[in-house]
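Two complexes, one shared chain (chain A), two partners (chain B, chain C).
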Partner chain A sequence: MAAETTTTEVRVRSRARHEPWLDRMVLPTLVVMAVVVGYPIVYTIALSVQNYNLLDFRPAAYVGAANYTKLAGDPIFWGSLANTAIYTFGSVGVSALLGLALALLMENLGGARFRAIRALLLTPWAVPFVVVAFLFRYMYLQNGGVINAVLLSTGIIDAPVPWLNSSTLALPAVMVANVWAMAPFFFLLLSAALSAIPNEVIESARVDRAGTWGMIWHIKLPFLRNPLLISSLLMVISNFNDFAKIWAMTQGGPGYSTSTLVVYVYRLAFERFEFGYASAVGVIWLTMLMVLAWIYMRVLRMESR
Partner chain B sequence: MIRFDRRGLRLATISIAALVAGMGGAASAQDKITLTFANWAAAEGTTRPGIEKVIADFEAANPEIDVVSEAISFSEIARQLVLRARSGNPPDVAQIAGNDTVLLAFTGALEPLDGYVKENLAANLKQGADAGLRDDGGLFAFPWNQSPAGFWYNKEIMQKAGLDPNKPPRTIDELTAALAAIKSSQPDVIPLAIDTTNRAFALSSNWPWMKSFGAVPVGEGATGAESAEMKAYLSWMRKIAQAGYIDPGRRIGEFRPLAAQGHVAFIWDQVLLKGVMQGASKMSDDDFYKTWGVTTLPAGAGKPTTFEGGHQLVMFASGKQKEAAWKFIEYLATSPDAIANYTMSVNSSLPSIKATGKAELDAALGTPVFKAFSDEIIPTLAPQPYGPDFAAAATAIMAGVQEAVTGSQPIDDIAASIQLGLPQ
Partner chain C sequence: MKPNLQSSRAGWLSPGNIARWVAIGFALLWSLAPIYWMLSTSFKTELEAARLDPTLWPEAPTIANYSGLMGTSLPFVSFFVNTVMSCLLTAIVCVVIATPAAYALSRARFRLAGTVGYAILSFRMLPMVVVLAPLYLLLLNAKLLDSGTGLVVGFTTFGLPFAVWMLKSFVDAVPIEVEEAARVDGYPRWQILLKVVVPLIMPGILTTGTFVFMEAWNNLIYPLTFITTIEKQTLPAALVLTFTGQFKTDWGGMMAAATITTLPLMIAFFAVQRSMVRGLTSGAVAGA
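Entry: the complex of A and B
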């Protein structure tokens, strides 16, 4: 038996040795990838070491690492980076917890009524991001917004709250809108993962007299760990690039209190036309995204093992 | 030998005639000049019918020219035009305004227009209509219309607050007192509507307010963001925001429907406000003049000034049909039909020429609002520090204004942070 296994391994290794490192069949894919993905990345990196302003028709000048040096001392860049981290990890963390809680609550509820509630819970995920942004923008209005109107009429506040007009409240307010739109995604994914837990495992736990919390903590959460991790990483990457909600709600303000990296890059590139400097910010942003993507791939690989 | 019966002969004749007509049509289509016109007038519901009619009238009057209107939103047009100019694919003619006009000129992609403007047209242009539209190369944009901002006041709200409706505030102190009276008598009314968003337009709009305090943070004669005048302006903005006299974060366009419903006492807005409010409230001219008045900005330590929010027309140097493009520009800006059907009606702005050539149009310019703009407000037009650095300055200054209005950071720190963000 052992000898048989060794022979198979030798055959596989030998075949691997004879396989060309680059199969010609993958060439078309590589060409497409090089054009669609490779070229913009290489061009962005090339632009990041140039003083390139779109308004200036003179050829761009090579400036070496000057854009990166400028970036290191740029307080708006660091502020935007911090906002990106708070917005991304805060929104994803809260959404995941909310999605998990909803999935656990709705798990055993059957019947047409609960199916309708389940469908209702999923609707925010189907609303386009720009619509979500405008919806919340108008709900948050200091004068005439429904949130302030409700809070005032119930006596919870005695003066309208400047939700989007306060440097301290604006970012959390935008995050609430984001959580509202994102939590259903986690709810959907975790509901599917919950239903995939083998019945025998649940039954065994019941036989062992596991309580509700014990069941969640020791049985369900371990089963949900991988889907939760993968979906969270996916959402982290997606939120890192989120432009529509922030731009439509605050345009990065008041001041720079809700300015994220993507908003800052947009302002640099398409309001100030400073493509060189914007590209330098873009390269840093891309590097961080690639690290996140690498972690995501590692997690996927770990899960498949 | 081929024989034709009568029916066959008739069909053959018709076919040949159709072929000849088609060839003729094709030939005339080939001779036709096609102009591309990038504009936001066709992208907005209120102005689209007007601009489409004007274009159709122009095509009817000039059958050899076809105009292809490319609708691009106001907030996108500068970006698209710069990118198209860079990639060698600009339109022939474009509508543009404010700092965007100067940005486009800076690219060097615009055709100088001096050679096209005949003497009689130059003489008919209003004084100062082309101010800020010239550089070393000459006139880079033609003034399509004028739309400066004025200080609009709601007489009914003023009266309810115990103020004299015919005496709008002339100084910042008078204005602050009026705002307090309005807030205490009518808590549901927004006492003052000003745009405090973070965008280049907001700096244009707030620039005259800064000048009212004598502050010149950037540009010619700049005293920086840390001057006593700039701090006075920021402190005043904080004071009126904390007292609830302004509603921060709204674009000026979002105040207009509220103003039309009688929920705004004072609004710093362009001449087009009249048309927008009447469109929303269906108010007659008489009722409008009874309710609303417009005058110059209240002044503090500085003089009252205003900004030009009017639109310009530019021709791209790489265009192949320059004569036709100029004919179209001239038609839009000076033809009585275009002024009647677009400029003074749907766009609710003033023509850039002194005499339109039509008595009824010139008479319409004598109505209270247009007259106040022409006689009182336009003379206070002041240049703005437009150029490639304006957008960066706008981001820094308006971020500081927003911080002053909504935050609690000391004004000195805000002024220092604005100064740090200004283009060096």
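Entry: the complex of A and C
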């Protein structure tokens, strides 16, 4: 039996080849993915070179790269792209820093009381995105919103601020709501990473009389580098896709000042029914995301080595 | 627990510790104040919720906002049932399809496993909105638009690849020796999976299912796009759609609806919170 259980690479490989069951087990997933994801992607690419409009009775025609040239000169597309980048990297960066600070603050605090505090600090992450949006929309109200009320009574502002109705303040305001909901994710993951640092490392640093900051900077941060990188990339990808918060708070407005690519594609496709043009925007965006996904996987491979 | 000089009793009131407590206090305030505001507003009358000088505590607490959800012209109960059903069904479908795939990808070491695995992972990162238009047309042609089934199909696009990767990490943790005895006795793979592996990774299956459920619950864009009859709508989409009508000024009612929308997700979240870190990190990390 010893030969059977010592699984050298060669043995496993030759055995796997004779196991049709393993192949068949992946099959349902592959079939479903092919239908609900693979086919739509191919369809998107096909749509992106047509002038397909759901409201148009004429059959869609092949228009070549027309949608793409239109896109290159579309200021709303470029504005949405910029907003997507600001929204994503801004919120993820701030959330990661806040989560890191929280994780360091709460490090080594055990016992029931601290478990409760930890759980309370995590609650924002369990609030549905749409609820986050409406809650902040209510708090941001120009007249009667609690944020303005607090800022007015403490004298920080003199007049109510139209947070979500200002084309300059709306995007940062939505980002604050986003950070509120996302920071606990980093707190959770970085806390786990902190507790995984071997005791000996901390002990030997203490013997070397490392101060609190020296300990954080030279000992803990290097251990947190990869978890931080991976969780940031995960959140970057999920923020690129964030629709609920922005849509329920501002619908991309005022004007297009908080419009991201998701919001723009949604508006193109389901308000103007320009499926062809919306698909072209989608394809460009897909390409950019695939680059990010590729980076993510490179990081994963580095990590697993 | 690591020994920590700062938390020892002697240094309890040191400046460093006081600063630490103040910071933790601020963090708690920042995290909980909005949630408190939602709960407190949900017990206020429409008039009080719209006041220019907001009250911290409801002056005349009322449950009218909650009871109002039951008996209004809007079918809130069916929104709730629709959401629970479609999210639950999505979780079940994804886990059932993903478990054998996760097992096969974990146990097979042939070259294809890596390629297939990464193909599935890259689907996970796909921007949902990119497949929105074609998915809409697909459901239109399949006559699944405006149906719960269509919604489940939509949710599956992101739930399934996620479930495969998360479950794979749980299967990876099952030592291969556990299966050896059954293998020697000549049991086929699917029986080993069902009788040996599945019972062992049951916690993982539940965690994964809960995650898929939570993600579906959070999804707004698919119900908004694929469901056109208001009675068939999910809670998140219903909030957005009714806000322009019924709740335009009724923030108390809005916050009551928001609280109801939050509760199931909150329960699900705390049920899996312990295994969450492992699921998220290893599910994302223990790839190659």
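Everything that follows uses one rule, which is that the second predicted complex is superposed on the first by the 272 of 305 C-alpha atoms of A that agree within 3 Å, B and C clash if a C-alpha of one lies under 4 Å from a C-alpha of the other, contacts with A are read in each partner's own complex, and residues count from 1 in each chain.
Keep in mind that, in the parts below, a residue touches a chain if its C-beta (ideal position, glycine included) is under 8 Å from a C-beta of that chain, and two chains touch if they have at least 3 such contacts.
Quantities reported herein were computed from a predicted structural model and do not represent experimental measurements.
Trainee: I'd like to know which partner A:Tyr256 touches here: chain B for first, chain C for second, both or neither.
Mentor: It touches chain B, and chain C stays clear.
Trainee: So, does A:Val207 touch the first partner chain B, the second partner chain C, both, or neither?
Mentor: neither
Trainee: Counting only touches as set out at the top, which of chain B and chain C does A:Ile156 meet: first, second, both, neither?
Mentor: neither
Trainee: Could you look at A:Phe270 and tell me whether it touches chain B, chain C, both or neither (first, second, both, neither)?
Mentor: both
Trainee: So, does A:Asn143 touch the first partner chain B, the second partner chain C, both, or neither?
Mentor: In the superposition, A:Asn143 touches chain B and chain C alike.
Trainee: Under the stated touch criterion, which partner chain does A:Thr44 make contact with: chain B (first), chain C (second), both, or neither?
Mentor: second
Trainee: More chain A residues touched by chain B or by chain C?
Mentor: Chain A has more residues touched by C than by the other partner.
Trainee: So in the superposed three-chain picture, is A:Ala192 touching just chain B, just chain C, both, or none of them (first/second/both/neither)?
Mentor: second
Trainee: Check whether A:Leu135 is in contact with chain B, with chain C, with both or with neither, and answer first, second, both or neither.
Mentor: The second partner, chain C, only.
Trainee: In the overlaid three-chain picture, which partner chain does A:Leu289 touch, first (chain B) or second (chain C), both, or neither?
Mentor: The second partner, chain C, only.
Trainee: Both chain B and chain C touch chain A; at which residues?
Mentor: On chain A, the residues that contact chain B in one structure and chain C in the other are 143-144, 270.
Trainee: Spell out the part of chain A that touches chain C in their complex, as residue ranges.
Mentor: Per the touch definition, chain A meets chain C at residues 1, 4-5, 7, 9, 12-13, 16-17, 19, 21-23, 25-26, 28-30, 32-33, 35-37, 39-41, 43-44, 47, 101-102, 105-110, 117, 119-131, 134-136, 138-139, 143-146, 149, 180, 184, 188-189, 191-193, 199, 202, 212, 227, 230-231, 234, 237, 240-241, 243-244, 247-248, 261-262, 265-266, 269-270, 275, 278-279, 282-283, 285-286, 289-290, 292-293, 296-297, 300-301, 303-304.
Trainee: Which residues of chain C touch chain A once you look at their complex with the stated criterion?
Mentor: Checking each residue of chain C against chain A gives 1-2, 4, 6-7, 16, 20, 23-24, 27-28, 30-32, 34-35, 37-38, 41, 50-54, 97-98, 100-101, 103-105, 107-110, 116, 118, 120-123, 125-138, 153-154, 156-157, 160-161, 164, 176-177, 180, 184, 188-190, 193, 217-221, 224-225, 235-236, 239-240, 243, 251, 254-255, 258, 261-262, 265-266, 268-270, 273, 276-277, 280-281, 284-288.
Trainee: If we count contacts the way the header does, which residues on chain A are in touch with chain B in the complex?
Mentor: Chain A reaches chain B through residues 53-57, 75-76, 142-144, 159, 162, 164-168, 250-256, 267, 270-273.
Trainee: Please output the residues of chain B touching chain A within their complex, sorted ascending.
Mentor: 79, 82-83, 86, 103, 106-109, 190, 197-200, 244, 247-249, 258, 388, 391-392, 395, 398-400, 402-403, 405-407, 409, 420-421
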